[in-house]
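Look at the two complexes coming up: subunit A is in both, with subunit B in one and subunit C in the other.
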Partner chain A sequence: MSIKVGIPRGMFYFDYYFLWKNFFNNLGVDVITSPKTNKDILNKGVELCVDEACLPIKIYHGHVDYLKDKVDYIFIPKMTSIHKKEYCCPKHIGLPDMIKNNIRNLPPLIDTEINLKKSHKNIKSSVFHIGKHFKKNSKTIAEAFQKAYRQYQEYIEMTTSKIIPIDINTKYKELSYITNVKKENYGRRIMVLGHSYNIYDYYINMDLISKLNKRRFDVVTAEMVKENRSREYAARLPKRMFWTHGQRIVGSAFALIEEKSISGIVYVSAFGCGLDSVLIDLIERKAKENRIPFTLLTLDEQTGEAGINTRVEAFIDMLEWRNRDEIDLSTHG
Partner chain B sequence: MDKYYMGIDVGSVSTNIILMDEEKKVHYKKYFRTQGKPIEILKEGINNLVEEIGEVEILGVGATGSGRYLANIIVGADIVKNEITAHAVAGLNFNPHIRTIIEIGGQDSKIVIIRDGIVVDFAMNTVCAAGTGSFLDRQAARLGIDISDFGSLALKSKSPVRIAGRCAVFAESDMIHKQQLGHNQYDIAKGLCDALVRNYLSNVGKGKEILEPILFQGGVAANIGIKKAFEEALNMDVIVPDNYDVMGAIGAAILAQEEMKNKRKTNFRGFEILNMDYKVKGFECNGCSNKCEVVEIREKDKVLARYGDKCGKWSSLIGDNSIKLA
Partner chain C sequence: MKLTFPHMGNVYIAAKAFFEELGQEVIPPPRNSKKTLEIGTKYAQETICLPLKIMIGNFVESIERGADTILLTGSCGPCRFGYYSVLENNILKDMGYRVRFIVLDPIGEGVDKLKKNVYQLFNAQNIKDVLEAAKIGWQLIKKADYITDLSNRKRAYAINSYEVDLIMDNYFKEVEKTFGAKEMMELMDSTIDKLNRVKIKQNFSPIRIGLIGEIYTVIEPFVNLELERKLGHMGVLVEKSLTPTIWVEHHVKAFPFGSKLERLKHELAKPYLKTAVGGHGLETVGSAIYYAQKGFDGAIQLLPLNCMPEIVAKSILPNVSKDYSFPIMTLIIDEMTGEAGYMTRIEAFMDLIKRKRRTVANG
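On to the complex of A and B.
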């Protein structure tokens, strides 16, 4: 029987799952993920985690708890920096330590630090550190990673060709790249912004993307804008954005705002997120300058959907109202 | 028989019912406390209506408020709209030049920014209810003041105390502290009004361009202390319309009138609904680990609605899964 590594379905899962999974598989290791977030996982996470953490961190605890008796290792890398001269959120950096202190009877964690702040070459030593749990030969490990990285690049190519990334695949079948792809359906787009773990976990955001699709809007996310384009726009900020997720969110938003290819922006934020407090303000101002409607949905542990529904409905009404008026104006001269 | 459009606003704290004629004139309005029993209050409200003006012909029904889907199930609505749109429609009907609407209800507060007769921006309070009607209600009770006297009491204040307004819990402890120091009720009441307004402007109104004419509506608009505090903070005039407390319901009725232009027959289930017996049952579905809290509304043996399930297993059983709320 081969060794099983558990990858909790939370936080950076939504960015790097394909990379990690393929890397482990290429090393001959099985990967097991926790199920999509559900009430049990949420409750368990809230129970285990410290009170002050944000909702996605609490949920992550629930996912780890689900996996702990089912696998030989749990993979929770310490994501310090994933880009030169940039950092991740402090909660990402502290994630493995938080987990170790909050959850009892864990299997061994693979909590290798990923720190590319000084140089992207640092990934090599991290990869060996992870790989040596399973294989001795460093060449085998390097090859397994290189192959996984190529597969990951293909995935990134797909997401930037206007296909909604990762988990959405199975939930939003019609948008999946596995089955037949309909890229643009309705001819009008809303940009859904926020950290990947808030917008691709449909339990946290109460299935926002389906709600927008039902109202006949296409959805575009930050991950669907090419990285070099996001970075180009983010670089125009007067002060350099030193969070990688922040770069992506602000840059992609600025790109689409200036291009005027979106009808509105819905920002999904977990209550108490420090990064978002900065990002939201930057984007809201830019959107206002360019007359693009913006709204914020704040998420916490509430399971009642009424609040979210009211805000989404009102936002769409407003877009349609504005749009109707613009059409009126043009016919009158 | 007189012909009217009915507007229903089922909110967290109050349920409002209005009747409006073809000229958009309000003939009947009633403001009830929801008290967590929306179905009974709806029936009571309609019963009240029949007693006061007899049975009339209903041309169309509009429902709004956080309980709008429930109202639709019980009464039968032609249009179900969110509160923000309904309030904007009613505000624009009151004064087509309006540019800002401040709405403070029981559990939420909103700002709607209107330019040239269209909504261009809006915001609602975030997850916290500090700075809403229920917060004031609670503090008035703590001070031993009737909420309807609160505003006039605040106006008597000569030197208001400063109370922290960001969080309801902090505000409460701050207020108790000020009470213990011996400040009089007037100054504390005024201090609370100022705190609520400060919180509203920095939270809901953050970054919004507030321009006159400003309309102040929702239950809290009854409080002249808050109106005064807004005027002082903004240095602008604030208008409170006559029907400030039922603007949502009026908006719903106007939307129903619009809707009926393209429809022949109203969905209104008739005044017979008064004699029907509704049973509401809540249960936890054990089909998967989501453990959804499902609500079922029955009229005798007939299931009128089921909702609350994420997957649609229960709501789709009755053939309509478009009505989903939680």
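On to the complex of A and C.
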């Protein structure tokens, strides 16, 4: 029987699942994920985690707890930095430590630090550190990673390109959370912004994407804007944005605001998110300058769906009215 | 250039004298008050952490007194503090103020920029001037910290602890009337003299508490609702894990390796928290263990609402507390924190510690 590694379906799962899974598989290791977030996972997470933490961190605790008796290892990398001179959120950095201190009877964690702050080359040692649990030969490990990384790049290319390959849903079945977002049907779109785990975990945001689709809006997310483009726009900030996720979120928002290709912005934020308190301010200002409507959905474990529905409906009603007015104006003027 | 800076405990005392000595016009913000906090809460975004709100209050109050340049130390992640200057600039612009920010970012962001800023601030022509000036500044900071620490010690041991408050309040009042380093040093020396003359209890071993947590809330008494004084009046000896002296020793004097004390704390924290997490999260965990090992009776963690690194630390402290059987309490602080509930929690914690002392003594 091969070794089983658990990957909790939360936090960075939504960015790197594809890369990690292929890497482990290439090493001959089975990957088990927790199910999509549900009430039990949420409740368990809330019970295990400190009150003050944000919702996605709590939920992540629930996912880890689900996996802990079912696998040989759990993979919770310490995400310190994923780009030169940049950082992740302090809670991303402390995540494996929080988990270890909050949950009892865990299987061994693979909590390798990913720290590319000084150099992107540092990924090599992290990869070996992870791979060494399963294979002795460095070359085998390197190859397993390179192969996974190529596949991952294809996938990134796919999420950021306009054309959707026909076989997308068969090839990337597990990734339906993002491929669903990519559908284009209505010729007008709303940008949904926030951390990937708040956007693609449909339980967290109560399936916001479908709500928008139902009102005949397509959705665009930060992940769908090419990285170099986001970076170019983020570089216009008065101070270097030192969070990689900040680069992505602010940069992509600035890009689409300035090209005026979106009808509005819905920002999904976990209550108490430290990064968002900064990012939202920067984006809201830019949206205002360019007369792009902006609304904020703040989520915690007590948020009710009714409240979210009302907010979303009101926002879309406003967009519809605005559209109509603008058409009126142009026919008269 | 009329220079101001945010309040951070006693730093303004050293900074005022220092920059006056260098020939800068300095307008320190009035001491933190309810009004400061009100201004900050009104104009800063609701979701930002507390230090920024108070700083906005400081800036507005200073600008109203004529300041036109704001001095800040910077950082470049991973915590929010690194982006404070941009947010603050935006907020002040919204309010219609035009001011200049001088942000001293770490060397990694470009030596030239830091050099330019420092030379301008220090009115320096060359590196010798800079070092000369830095020496004075360092003496002032150390002495200001010494006074704070001495007053805390005296308060715990004093027969009449309010005598210490009287001396300190008088000191703060006089600070505003001094000009330059020499006058400030004189004032400091006479204050030390007075503190040393306070009558103290004999054969008394006070409860010892370490104050740990986010640096700003530890250092700035207004923000932690004068926790040092409160504990002092209860006969508790308080030691702070972070002071301006400790900060300078770690970040400036021992650059880039870090000071011995901080490195020790990092080592202590390792079994619980493998790496730094921004802010002072790692130091918080390390300090808790440090105080436990030094035989303190307990520690109080100060956590500004939603402070990311301190939330990580808070997850870990229960295990430290258990392993060292060392009581630790967390106080969460925001603009709504009320005096009454706060006092109740502190008193309950002290009761717990006293009970523990008794059982240890009897058992």
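To be clear about the criterion, the second predicted complex is superposed on the first by the 310 of 333 C-alpha atoms of A that agree within 3 Å, B and C clash if a C-alpha of one lies under 4 Å from a C-alpha of the other, contacts with A are read in each partner's own complex, and residues count from 1 in each chain.
Methods note: contacts are C-beta pairs under 8 Å (C-beta built on N, C-alpha and C of every residue); 3 or more make two chains touch, one makes a residue touch a chain.
Note that the coordinates shown come from a computational prediction; the quantities given were computed from them, not determined experimentally.
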Answer with clash or fit: subunit B and subunit C placed together on subunit A by superposition.
-> fit
Taking the superposition as given, does A:M98 touch the first partner, subunit B, the second, subunit C, both, or neither?
-> second
Return first, second, both or neither, reflecting whether A:E86 touches subunit B, subunit C, both chains, or no partner chain.
-> second
Of the two partner chains, subunit B (first) and subunit C (second), which one does A:S119 touch, if any: first, second, both, or neither?
-> neither
Touched partner set for A:G274, first subunit B, second subunit C, both or neither | second
Taking the C-alpha centre of subunit A as the vertex, compute the angle to the C-alpha centres of subunit B and subunit C, in steps of 10 degrees.
-> 80
Go through the superposed model and pick first if A:V50 touches only subunit B, second if only subunit C, both, or neither.
-> second
Classify the contacts of A:R240 with the two partner chains as first (subunit B alone), second (subunit C alone), both, or neither.
-> second
Identify the partner contact of A:S138: answer first if only subunit B is touched, second if only subunit C is, both if each is, neither if none is.
-> neither
Nearest CA pair across subunit B and subunit C in the overlay: distance in Å?
-> 5
Which parts of subunit A are in contact with subunit B and also with subunit C?
-> 285
Per the touch rule above, subunit C residues touching subunit A in the complex are 45, 47-49, 76-80, 82-83, 85-87, 89-90, 108-109, 272-279, 281, 303, 305-309, 311-312, 314-316, 318-319, 332
Which residues of subunit A touch subunit C in the complex?
-> 49-50, 52-53, 78, 80, 85-91, 93-94, 96-98, 101-102, 111, 113, 237-243, 272-278, 280-282, 285
What residues on subunit A touch subunit B, complex-wise?
-> 35, 38-41, 203, 207, 271, 284-285, 288, 293-296, 298, 300, 302-307, 309-311, 313-315, 317-318, 321-322, 325
Please give the residue numbers of subunit B that touch subunit A in the complex, ascending.
-> 66, 81-85, 108, 116-124, 126-127, 207, 288-293, 310, 324-326
